[in-house]
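Across the two complexes that follow, chain A remains constant while its partner is chain B and subsequently chain C.
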Partner chain A sequence: MKINPELLEKIVREVLAGMETEIETGGKSEPSLSNSSPSNPPLPASETVAGVQMTEKGPAARGTDPKEIVLAVSPAFATAFKTTIVDIPHSSVLRQVFAGAEEEGIHIRVIRVYHTADVAFMAHHAARISGSGIGIGILSRGTSVIHQRDLNPLSNLELFPQSPVIDLPTFRAIGKNAAKYAKGESPTPVPTNNDPMARPRYQGLAALLHNKEAGFQDRSKASQELSVSFE
Partner chain B sequence: MAIVAGIDIGNATTETALARIEGRNITFLATGISATTGIKGTLANIAGLRSSLGMALERAGFKRDEYKAVDLIRLNHAAPVIGDVAMETVTETIVTESIMIGHNPSTPGGVGVGIGVTILFSDLSRAREGDSVIPVVEAKHDYEAVAAGVSDALSRKVNVAAVICQSDDGVLIVNRLPRVIPVVDEVSAIERVPLGMRCCVEVAAPGRVVSLLSNPYDIASLFELSPEETKQIVPVARALVGNRSAVVIRTPLGEVRERRIPAGELYILGPQGKRTVNVEDGAEAIQNTIVACSPVENIFGQPGTNVGGMMERVRRTMSDLTDIPVGDIYIQDLLAVDTLVPQKVVGGVAGEFSLESGVALAIMVKTEELPMQRLARATSQELGVEVEVGGIEADMAIRGALTTPGVKPPVAVLDLGAGSSDASFMKTDGSVTLTHLAGAGNMVNTIIASELGFEEMELAEAIKRYPLCKVESAFHIRQEDGTVRFFDKALDPGVFGRVALLHENDMLQPLMLPGINVERVRSTRRKAKQEVFVKNALRALEQVAPGNNIRLVDYVVLVGGSAKDFEIPTMITDTLSRYGIVAGRGNIRSSEGPRNAVATGLVLSSIESGSRTKGGS
Partner chain C sequence: MADAKRSKRFEILEKRPVHLDGFIGEWIEVGLYAMGSPQDPKPSIKIEGDKIVEMDGKSRGEFTMIEQFVADYAINVKNAREAMAKSETEIARMLVDINVSREECIKVFTALTPSKIARVMEEMNVVEMMMAMQKMRCRQTPANQAHVTSAKDHPVMLAADAAEATFRGFKEIETTVGVVRYAPFNALALLVGGQVGRRGTLSQDALEEAFELQVGMRGLTSYAETVSVYGTERVFVDGDDTPWSKAFLASAYASRGLKMRFTSGTGSEVQMGAAEGKSMLYLETLCVMVTKGAGVQGLQNGSISCIGVPAAVPSGLRAVTAENLITMCLDLEVASGNDQTFSHSDQRRTARTMPQFLPGTDWIFSGYSSTPNYDNMFAGSNWDISDVDDYLALQRDFKVDGGLRPVKEEDVVAVRNKAARAMQAVFAELGFPPITDEEVEACTYANGSKDIGDRNIPEDLKAAERLMKDAVTGVDVAKALAKRGFRDVAESIILMMRQRVAGDYLQTSAWVGSDGTVYSAVNDPNTYMGPGTGYKMSEERWEEIKAIPWAIRAEDV
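== the complex of A and B ==
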């Protein structure tokens, strides 16, 4: 297998960054899954990351508008992380998902989910409080799910498990298809690329990214509604 | 005492009836059914025959391979062996100079009508105050930039009448403009849109269709056309009927025309000589010629055309299978059905599809007795059981059908199979007239597949066989008759929101075809069944009825695999009731339903012929 020096460097950087945090917090043995005190420094409630401003407005409530779908992002989305695993800026990801839904006449409400870092449960949670019953979950590295509230959490309408092959047109199509499900139409599932080398090439990095992402979860904190503005 | 197996090798299934015969007493022991292997009437059938017979033996309490328990196997004289079905598209729509865009995107932007001159979006900043322009936007421009550019032009008093864009951005652009203008999006081949030409864009409100650009006189008013030019614009207007959005561009030579594809001629040989009919004249003309030539002796296609190729292919396949020289194979019936086939518009700018007319043809070949005898000999050697060829299928079907309670001669039997529709009529004195016609279940599949625009025959078979529903939530479906059904357990997420087929045991099979709805699939399915089965039922009864008068038939029994369909029997019953005929699905031996008629008939007829050939074993 050809070793990609850039990727290797990125992994090394991620590992080193992780070690530093551990050292700073006194080398706690369970940095990522502790319930109350996340090992990562607390995130500011509002932050601008390269083109998108996301402000927390308070706990996310159950919606009643049948024209809305709910998009759940993780605490690190567009804060600690700024791009997906293949360096697509999070602002562009949000913009495309928004555009896909808007083209279909559907509005997206964004929430930040703290209690889990599992994209299936995030999306299912979003679907349960969505007025249309359709939710989307997107992790910082790009892994995405379209969910419906009556399904089991580990079931889904459409799953995009290979984060390295999800590009901007795919994010646009995810927004569009979620909107079509909300309208009761029967969309053709989003065509995705399949790269058999994605797993061997990115698995190490994906694991590190997930470890870091999971470090931000706070099981006692309710999901927060976000106001999103692009600039 | 003897055990006799009647085995009916059909185009799709091989059915067995196993019976014990003592003197003139017949006790039916069991039945078996399995898929036919290979083409009916060839040596490849033996595998299917074994499994069908094995199933019957097992049900009767024998071992699966205890073929020796059977004293005599009677096979049907499978007269029609091969039916081929083909589609011929006979029209195509051609657009020259890209003068219209009528691809019907699902979400165009804005609403209204805009008239102006087409310019590139990058040239919009150079447009002057008062100009009426329609920018043409390639996919490389982001919707924010497009909206900003158009807003800027509008603020400079440039009249941006409408927008034509390549990506799916219509609604996004309109949402960012100070006033609503029509935007047609998803124009895939945008580089072919002529620039600097007068153009009209119309987008209708949701749920409505374009009214201006589908009316030739409105187009004439918009572009100041002369009466002669208006005549030429009619195909454009026609092509845009029913769309939610449309674009018409005026160019010096652009036009839309419908071309008839030379599909070839059919030569039909009858007792009065040869008649010629052109395939592009449509199904009715072909069918009239067939009737005029009846009884048909042979049919040829014009050499070097599609139809000629189809006829020769069937002859060759048939000849390869049976070792009969190509020249001795006679095509004895043909059924043509008009269909509409979605075809890509030639020269279209946005990948438009147009419903072109086509003709589906089913043909049937009459075989000699030779291959059947060969099959009988081979079966006898394989299984070590005496095998005889029993009788003609339709004749056997009528004997089987007579075991249905409530039926007595004179009676007509329609055997609706996969490859052919057979009819026989038995008079009170027991004499039988019969006919074999081309076109049955397989032809319905072909029509469904081509009208809905897919290739997989298994999917067409499923659409033919199962009713439709729309999955409206994870817990309920709306069936095609409008009734709602609830489920206790959540349905599979793969069917959520989709049109699906409702199989037995409530299994749902989602239909993954683009842009379909329940109503369209249902009407296609029903039309195909009407055109093939109802038409063939009338055609067949006309041929076997006394004096060729359908009204002289009192009872019609439907048998065969297609008689098990959930709507074909009711369609036929409905149509025949207008002739005062009692028609319905048979119930062979009060227990088998419409299946097993021929196999049962083969066993029953063994008492008459059996005593002669077997000499009382």
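== the complex of A and C ==
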């Protein structure tokens, strides 16, 4: 598969446009701490991407239901971006993760995380407010983690670091395994796809995508609960 | 729209592997720029008393925590005025002048600001950088490190591959995991297999930092490398860290007699979306200086896992060469990358390695994949085991010591088998899920995880958890081996445990010989000052490199 040059150019143009605004407005915000970047347009609180409606309901609370897992997505997930790095629609990603968990009788609560774009910290945060203590983090480009409340943030139950090799069956298996951990089982980890040539092809693009994604971060904004309905 | 008539030649060129690589244009504002960005600061220094009050155009009050750490701990204030007064060209010329000693260069470099160091590199082309590396690396004899991983995290296969890697000449071996909970077994496999292949092997388990320290203290690993530092405050803070917390972690290793080095590399900050518009090499210079300031003996750099980023922009691989050289110029051990896939093109892959291979570095690769790349859980290395005969040929073609030696098939089969059986014995003795004779046989002859069966993973994971809970140490492993008839391997492990107490291998750029002798920048210092000086290949070593088994011998024809 080839990198889509149009997408690449679009990202470059959008981010550059945002930066010009920043310079024009003299937006010399201290980059170290408050990096709610003015470079991106405000995101809608409710968004429908082909087949899924996601609406923010207010700050995400700690859950008590042991039959829930919390799925953390990034601000650009299914809003500014609609697909993963290999063009899998975010709606399909959600559908498969939900289906995988439902097969095990576990339901998923979705939150949007603004304070970090680091998928390990997103997933750990999700695990900490999850009734079962199990959380999942998914970035727009597809990078995913299954996490557990009592682990170190940079440890994990299962990590899927190579976004270009994560396909829909893998997303379904991630939902299923997360649900099994929530039930106290010890599932066989989702088989690791390893493509040693993914980096040469995608790393430059991943850097562009992440710069865009990180632009939506807002360190002072609390995570938001999302209602998700499939159409 | 009718398609334009195509040139057959261009159609062929487009199908070449190099066209699968990602190439991107420079983008100054986010720091997608290799070296010498117009947004990099200009060098300056002001000193009051023995304190730096201005560095690279910023006053002390404006310093980020990284800049403050660097200004306070990584610059020799006593020499700074004199060193900073020299022009960048003058300093660059010192590096390639055979009449200027390594010591004189280090005296200057350890008194420069980050921006000044980065600008010295801008004065140099890659051949000059290679000439400088020959003089500036701190240990005289080059060495090599290997990755030993498995897509199945298969403990028996890992032990066999570790044994083969160290038998082939890799003096350090490094593993990581597909499934993080397998990590204790991976450490165990490299400890046992590594010592079977060559007594004195240093092994490590690249994982979450607290875990790495724990297995190190238990004697299941003998060094650590994956302690990451970054060039912008935001990336540092995102990892819940500061230069001070990293320095504290470094001292924890030192206090337990464990070798360690930091890791950094060009491209990491822009990859994480927080380069703040600075060039990759300028930010990497800050990382090298944080390492120096923390008192750590060495650094793994050369972009490492972000190599796809510098390699995608103009002059990127020159910047990657420069970052290795900067590390040497600050008198640190360098494990110089070449450890991650970045290109589909065999020409680019080979060319990327020459700036480290030809002059030699402390660890040319960090590391070389000792397994097929499909089993490489660092997401693939620039060279893998399938390339090893090409590597041996290059050593022979250029009379270069790249740290490896030709081996015979029957010898490799023997060490792999012994490592697999030793692992079987340890598992049996410690009550872990049994390793069958069939698994031993399969892993002895296999090339990769596709050639072997699956283990019962949930059972293995439970046992791995128990290994940690029961606080199994290197001594327990040695006892198990001795009890089951592997006395020599047990002795090797005890030899490694003894190194902790002696502490000699905490010296800069150390590796351990099979008789327990430590070789480092202290007793094997680089003395290069032009032709006829520095590393000289012994006759014995040259005979070894020459003897690739598949060469036709005149006497046989």
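In this text, the second predicted complex is superposed on the first by the 194 of 231 C-alpha atoms of A that agree within 3 Å, B and C clash if a C-alpha of one lies under 4 Å from a C-alpha of the other, contacts with A are read in each partner's own complex, and residues count from 1 in each chain.
Operating definition for what follows: a contact is a pair of C-beta atoms (placed from the backbone, for glycine too) under 8 Å apart; a residue touches a chain by one contact, two chains touch by 3 or more.
Only a predicted model underlies this, so the values are computations on that prediction, with no experimental measurement involved.
**Q** After the chain A overlay, clash or fit between chain B and chain C?
**A** Aligned through their shared chain, the two binders clash on chain A.
**Q** Once the shared chain is lined up, is A:Asn211 touching chain B (first), chain C (second), both, or neither of them?
**A** second
**Q** Tell me the contact category for A:Thr188 with respect to chain B and chain C: first, second, both or neither.
**A** Both chain B and chain C are touched by A:Thr188.
**Q** Based on the superposed arrangement, let me know which partner A:Pro200 touches: chain B (first), chain C (second), both, or neither?
**A** Once the two structures are laid over each other on A, A:Pro200 reaches chain C alone.
**Q** Return first, second, both or neither, reflecting whether A:Gln148 touches chain B, chain C, both chains, or no partner chain.
**A** First partner only, chain B.
**Q** Looking at A:Ala99 after the superposition, I want to know if it touches chain B, chain C, both of them or none. Which is it: first, second, both, neither?
**A** A:Ala99: touches chain B, not chain C.
**Q** Quick check on the superposed pair: does A:Asn156 touch chain B, chain C, both, or neither? Answer first, second, both or neither.
**A** Touch partners of A:Asn156: chain B and chain C.
**Q** In the three-chain superposition, say which chain, chain B or chain C, touches more residues of chain A.
**A** C
**Q** By the touch definition at the top of the document, which applies to A:Asp118: first (chain B), second (chain C), both, or neither?
**A** Touch status of A:Asp118: second partner only.
**Q** Going by the clash criterion at the top, which of the stretches 23-31, 149-157, 347-355 or 455-463 from chain B hits chain C after superposition?
**A** 455-463
**Q** Quick check on the output: what are the common chain A residues between the chain B footprint and the chain C footprint?
**A** 152, 155-157, 186-189
**Q** Give every residue of chain C touching chain A within the complex, in rising order.
**A** 20-24, 27, 29-30, 32, 64, 151, 178-181, 207-211, 232-234, 237-240, 267, 270-274, 276, 305-309, 311-312, 340-344, 373-377, 379-381, 384, 457-458, 461-462
**Q** Could you list, by residue number, the parts of chain A that touch chain B in their complex?
**A** Result: residues 99, 102-105, 133, 148, 150-152, 155-157, 176, 180-181, 184-189 of chain A touch chain B.
**Q** Inside the complex, what are the residues of chain B that reach chain A?
**A** 107, 143, 168-172, 175, 470, 472-475, 490, 493, 496-499, 512, 514
**Q** Provide the residue numbers of chain A that touch chain C in the complex, in ascending order.
**A** 3, 8, 12, 15-16, 19, 31-33, 35, 116-118, 121, 152-159, 161-162, 186-189, 192, 194-208, 210-215
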